[in-house]
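Chains: A, B, C, D and E, in written order; residue numbering restarts at 1 for each.
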Amino acid sequence: MIWIDTIIQGILLGGLYALFAAGLSLVFGIMRLVNLAHGDLIVLGAFLILVLVTALGLNPFLATLVAIPLMFALGWGLQLVILNRTLGDDILPPLLVTFGLSIVIQNGLLEGFSADSQRISAGALETASIPLGPVTVGVMPLLTFLSALAVIVALNQLFYRTSLGRAFRATSDDPVTAGLMGIEPNRIFAVATGIAFVVVTIAALYLGTRANFDPTIGPARLIYAFEAVIIGGLGSLWGTLAGGIIIGVAQTVGAAINPEWQILAGHVAFLVVLAVRPRGLFPKGL
Amino acid sequence: MAFLETRALTASYGDFQALFGVDIALEAGETIAIIGANGAGKTTLLRSITGILRNGADQVLFDGKPIGTASPPEIVRHGIAMVPEGRRLFPSLTVEENLLIGRYGRKAEGLWNLDTVYDLFPVLRQRRNSPGTALSGGQQQMVAIGRALMSNPRVLLCDEISLGLAPVIIRDIYAAFPRIRQSGAAIVVVEQDIGQALKVADRVYCMMEGRVTLSGKPADLSRDAIHNAYFGTA
Amino acid sequence: QNSKIKLGYVSPQTGPLAGFAEADNYIVSSFLQTTKDMGLDFDVIVKDSQSNPNRAAEVARELIVDDEVNLVMVASTPETTNPVATTCEGEEVPCLSTVAPWQPWFIGQQGNPGDPASWKPFDYAYHFFWGLEDVIAVFTNMWGQLETNKQVGGLFPNDGDGNAWGDPNVGFPPVLDKLGYGLTDPGRYQNLTDDFSAQINAFKAANAEIITGVMIPPDFTTFWTQAKQQGFTPKIASIGKALLFPSAVETVGDQGHNLSSEVWWSPSHPFKSSLTGASAKEFADDFTSVTGRPWTQPIGFVHALFEVAVDVMKRVSNPADGDAVAEAIGATKLDTLVGPLEWGTGALPPFAAKNVAKTPLVGGQWRLRNGGGYDLVIVDNQTAPNIPTGGKMEPIA
Amino acid sequence: MTTTSQKWTVETRTAASTVFAVIAAVAVIAAFAAPLFVSRSMLQDLFFILTMLMLAQNWNLLAGYAGLVSVGQQAFVGAGAYAMFAVVILGGLDPVLALPVAGIFAAALAIPTAFFVFRLDGAYFAIGTWVIAEVFGLLFAQWKALGGGTGTSLPRDATRDMFGVPFVKELFDTKSSAAADIVTYWLALVLALATVGFIYWLLRSKQGIGLASVRDNLQAARSVGVNASRLKLVVYVATAFGTGLLGALIYIQTARISPDAAFSVTDWTAYVIFIVVIGGIGTLEGPFVGVLVFFILQNLFADYGSWYLLILGLIGIVVMLFAPRGLWGLFTDKTGIQLFPIRRRLAGGPLVAHSREDTHG
Amino acid sequence: MPILSLSDVSKSFGALQVARAISFDLEKGEALGIIGPNGAGKSTLFNLITGNLQVDAGRIHFEGRDITRVPAEKRCLMGFGRSFQIPQPFEKLTVFENLVVAGAFGSNLPENQVTGLCAEILVECGLIDRANDPAGSLTLLQRKRLELARSLATSPKVLLLDEIAGGLTEAECHALVETIRAIHARGVSIIWIEHVLHALNSVVSRLLVLDFGKVIGLGEPGEIMASREVREIYLGIEI
């Protein structure tokens, strides 16, 4: 009984991590860009939604819809102006630049919003739940999980059913030859980052409504997102979902044994998967 | 004025200079061949034309316009398409997707579309849903050519399309050339297979160590002259 | 005294603990104004720990070595006070700290926290605040006002506060046991955990009607939200640290009604500043009118730090004599904005008596205001009857 | 092969390096004498500079020379520091003697760690090392005898009676804490010399040129007999040793430890990466430049709180975008000056070109 | 006993089979030539022999020992030296340093003991006047010479040469042949992949023909060149 609940809560938590990770996975998969600012960008998105909610009195879901185009434009511009210059074989430039960005975002938000804990209010939804047989499932966690699922299905559709998706994959395979097809790799990358920022905004909605956030909490969640991406396998979005779920379930199961092991269990699951499958569960090209 | 022209074209990879003032000219509808030993700079020449290597603006002219500083996608929009050395199919795309992506940057109307490419290389129609890299080398080369044709180019650059192919397959591929010429495209073939090159080309340029050492009509070139141009004189 | 007296002050002005330091500017500038008016020549050098223990130790060293301050003051959570106090002790410079229960402050600075025999008092580090025994008393007094099954669920993280609260010798467990409460303590969790289902399941299984613990605000929100989703609603939730600030309570929306917490200072405390003579109420009102922000508990204590500093410096002939200053701190007897302070006398175990002065603690509940927002109402004062209550303990609906 | 008995020799020195060697020797002597004539605060600044320099040199060896971009070096800082606390508090050892213990402990941890992370490449390696460091932090947070998540402080007497402190106290006639500062400063100075000396020696040795070849072309290096994975492992373990030892030294001075502080990715890896990259990765000189820049920035702006960090972030971004080889890279590109030359120049013998006919007789 | 022996060595890249059950022996002191069309799998075969690639199936023996799973660097120490078809210099090192790496690691000697050896090889390969220049600044021909020089510095027992004569003038080609003959005369066994057949045939005593990863001929150069199959494959290149 308790174990079923533990697993279900773990899967739902995994949905949250997968949602955090999906944008990262997209960017990592297409341009091998390790974005250390991803966690802070989610926090930035949450603040944007918060501002829209408080300033315009919008419902958080509506506010997210308003935030999405803004964040898309931000991602697009960021990639075009800064991140494209860092791409290449060497992994250090993107690492350092996005780390710098992470510091800039965190401290910029601190200046703008102070260190106060904030939360986006989702009203009665916050504590609503649905009884599902022996377990009770919170509506927000469920929505989070379903959103993660929807994001991953949508990204897969985009990837495998559209001409833009073909261009993404081609550029990711071989940017030089993609250029010979008339694809501008820099613009394609900018669009990809823009889309990743849309996913970031959706993640921000759930980060902001789930619990408190403040300008400094980004990095703590980043590592789980990275773990999900890596054990999922480079470029596999379903893998990212699976990776998120593995970490989520490992955490709740670890906690059920003893809360001391909760976070450790997630990391250990990550290391175990890597020891067995260094390229992740579903590496591209298999 | 020639249709596509390079003037005193130079190119380097870092410290290493690969081209030293190359002049070639291509007339509309014409097919030229560029031959030369390994490392002579043939691929480098094509990479310069397609904008992968950037040059001085006036070092490459197309229709009289300087395009030396244009990026590869801009070159594609001008109507210059390339079949790159080593085929370079996109491994995560199927055969059909590989073909479709050829239209991404230039959706010009013309003879070539999925159907006509499949007519040209019927075997591809059967394999349309396999990953491009699961094909045999010859079939991959067909995809690479088809992919370039999908943009209905005005100039088609082919880099060593017979490389690594069995003689029969090379025959099949070159058998497609007359149809490509009929569609109006001018063609540059880079070949090490001199016999093949001489057969399809209207004119031939021979390169050695980054320079053009010989040019002319196939019929006018003697074996010895080609040999000298290839390896230098003793 | 004609030479300038230099005070160093370390607090977490940025980073996750910044809420504790939000009144610093206000307090320091009004302090400088007041002392100037009194004809005293004080200089205050403020350093930001960035909520980072490494940085806290580093800036403490800067204060001592570069700025050669006469007294180091530090406030807010063991993560800030302990590195600073340790540094001062090593440097033989007097240090005055507050806003951390005395156990994590004192025991946390001992080489081997597990071995009480090895604990030693400090020569230069002095502290004033309440201790775990006080918060335990306050919480259990509040619980005693209501009818419950006496089953308690504990939420103690693996940090300075959590380890002290959950400690089997000095923390909650032995006292609750003695008072007949059953404690379910699933274990120390890490801060910034995303899921509390293990704890919720354990509490449900134990049928806990009371929840207690010392949590950081984001974790409490996560826990409380998830508990509600899982249909777990205790009658009482008395949580330390997480519920200090109104903004933190507001983050749980309407679900914050009747959450209870420790109250170390409020505008209704019947104390006056020894510096300005302002009552707690006047002080809080002035803070709000100057900064536009609501009062919070730490502001009284930060002010009190400066009160003690002035009092001590008045009593020493040479402020640069660290030993004399330290001795003077130990001899302080002062009525401050947070209550009367006196070292060496309080109800403390012998090892800590020298370095710790205790301040009163009462219990309060957050009540949802009609127009939105929360009020902190003091509901239990058995531990300090001179602090008036504003109501009675109510169960969570 | 014809073996003519020409006297071929190899040179590495350059004019600049000779001049520099002289200046450096003077500087080192001055540095040792520094406690005589600089203020205590200056001494502490120097200690900070030296420790950051060593962390940076270690990371530079790892990432810049062996291509192992780790973002998890805090694992070894923390492990070394905790090892020191453990042997001092629980074992009663002198903190100075605890230093090598800390280094060995960190190196010993590096071996099982390598088992995991060496299966990974590039970005995966980077994230893998980060996760391992988190795991270490969480595990040490369970060590109740050292305070668990609360952390603990070094007993006052431990540093007061530390090796050399009573002596220095006598010698300089100061209080214990100042004497301890002098001792830790000297230790840092000796270690810094040893670190730079070791790295320079390594780079000039056979193993160093092997590393350089691996960095240039892994396949070709293996084909001429360079055991790339062993070299990388050796470097990884050696830097773990150095980093762990440093962690212990730093925490002798800080005297208080907690898992969050000792395993802080920002303090022990991010700033270090910043230093190396600003200065110039893959050069011995780069970390010197970087640490000075970092120190100056910190002194100028650290009191501005979040603005300081914001500026630091921006500078990092700008340098990476516009001077990816760092400030020292810019300087050498302009001047060609190298202070630690590792080029082996062939000299002697008739360096005139021989035609083949000559050699084959 | 043959110095090198391959039995049923196979290798695929995904669906592409580049070595199909290749078996042959190399006698000690022998010089063997390999020819075949582009993409036949010649360079891949070298990579399998030197351990830069792992075989999918089959065994490789060196001096009677099974070395199928021995890593590349160990094989080099055992006595394999190779050149790469596409030169792979250590670009940031000087020409001399390129040889020092090979000499010190490949022959497992202290660095200072290989100075003379490296210098002599540079003289022999005509690179001595570029000794102190970064290898990245060499021209293609010099890079190819560096490949040869570097492989010699490892003091190989078996030397694997991959297309080192392409693009040389007659005179240069002649000098190269002389150099290789001299190396051969010192007792080094040689396998040489080359399209320049006249150069190849003046050194090797046997030819192996690869096509689509299969051995389609192995024997005397004269005999092999006479076979119809081979002539057909080289149809294009014979002007």
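One rule holds for everything that comes next: a residue touches a chain if its C-beta (ideal position, glycine included) is under 8 Å from a C-beta of that chain, and two chains touch if they have at least 3 such contacts.
Just so you know, these numbers come straight off a predicted model, no measurement behind them.
S.K.: Let me check something: if the centre of a chain is the mean of its CA atoms, which chain is farthest from chain D?
M.R.: Greatest centre separation from chain D goes to chain B.
S.K.: For the chain pairs C-D and A-B, which is connected through the larger number of C-beta pairs in contact?
M.R.: Between the two chain pairs, C-D has more contacting C-beta pairs.
S.K.: Taking the mean of the CA coordinates per chain, how far is chain C from chain E in Å?
M.R.: For chain C versus chain E, the centre distance works out to 76 Å.
S.K.: Calculate how many whole Å lie between the centre of chain B and the centre of chain E, each centre taken as the average of the chain's C-alpha atoms.
M.R.: Those two chain centres are 31 Å apart.
S.K.: Need the CA-centroid distance for the pair chain A / chain E, whole Å please.
M.R.: 50
S.K.: Centroid of chain A to centroid of chain C, CA atoms only: how many Å?
M.R.: A distance of 36 Å separates the two centres.
S.K.: Which chain E residues sit where two or more other chains touch them?
M.R.: none
S.K.: Among the residues of chain A, which ones contact at least 2 other chains?
M.R.: Counting only residues that touch two or more other chains, chain A contributes 107, 110, 260, 263.
S.K.: Can you name every chain pair that touches?
M.R.: Those chain pairs satisfying the definition are A-B, A-C, A-D, B-E, C-D, D-E.
S.K.: Using the touch definition from the top, list the residues of chain A that touch chain C in their complex.
M.R.: 2, 5-6, 9-10, 13, 16, 107, 110, 114-119, 121, 123, 126-129, 136-141, 210-214, 216-217, 220-221, 248, 251-252, 255-256, 258-260, 262-263
S.K.: Within their complex, state which residues of chain D touch chain A.
M.R.: Residue positions touching the partner: 63, 69, 71, 115-116, 119-120, 122-124, 126-128, 130-132, 134-135, 138-139, 142, 265, 270, 273-274, 277, 281, 306-307, 309-310, 312-317, 320-321, 324.
S.K.: In their complex, what parts of chain A are in touch with chain D?
M.R.: 28, 32, 34, 82, 85-86, 91-93, 95-97, 99-104, 106-108, 110-111, 219, 223, 226-227, 230, 260, 263-264, 267-268, 270-271, 274-275, 278
S.K.: Using the touch rule from the top, collect the residues of chain B that touch chain A in their complex.
M.R.: 50-52, 71-73, 76-77, 81-82, 84, 88, 90-93, 97, 100-102, 104-106, 147, 151
S.K.: Mind listing the chain C positions that touch chain A in their complex?
M.R.: Residues in contact with chain A: 14-19, 22, 51, 158, 186-190, 192-199, 201, 205, 217-219, 221-222, 225-226, 228-231, 245, 247-248, 250-253, 255.
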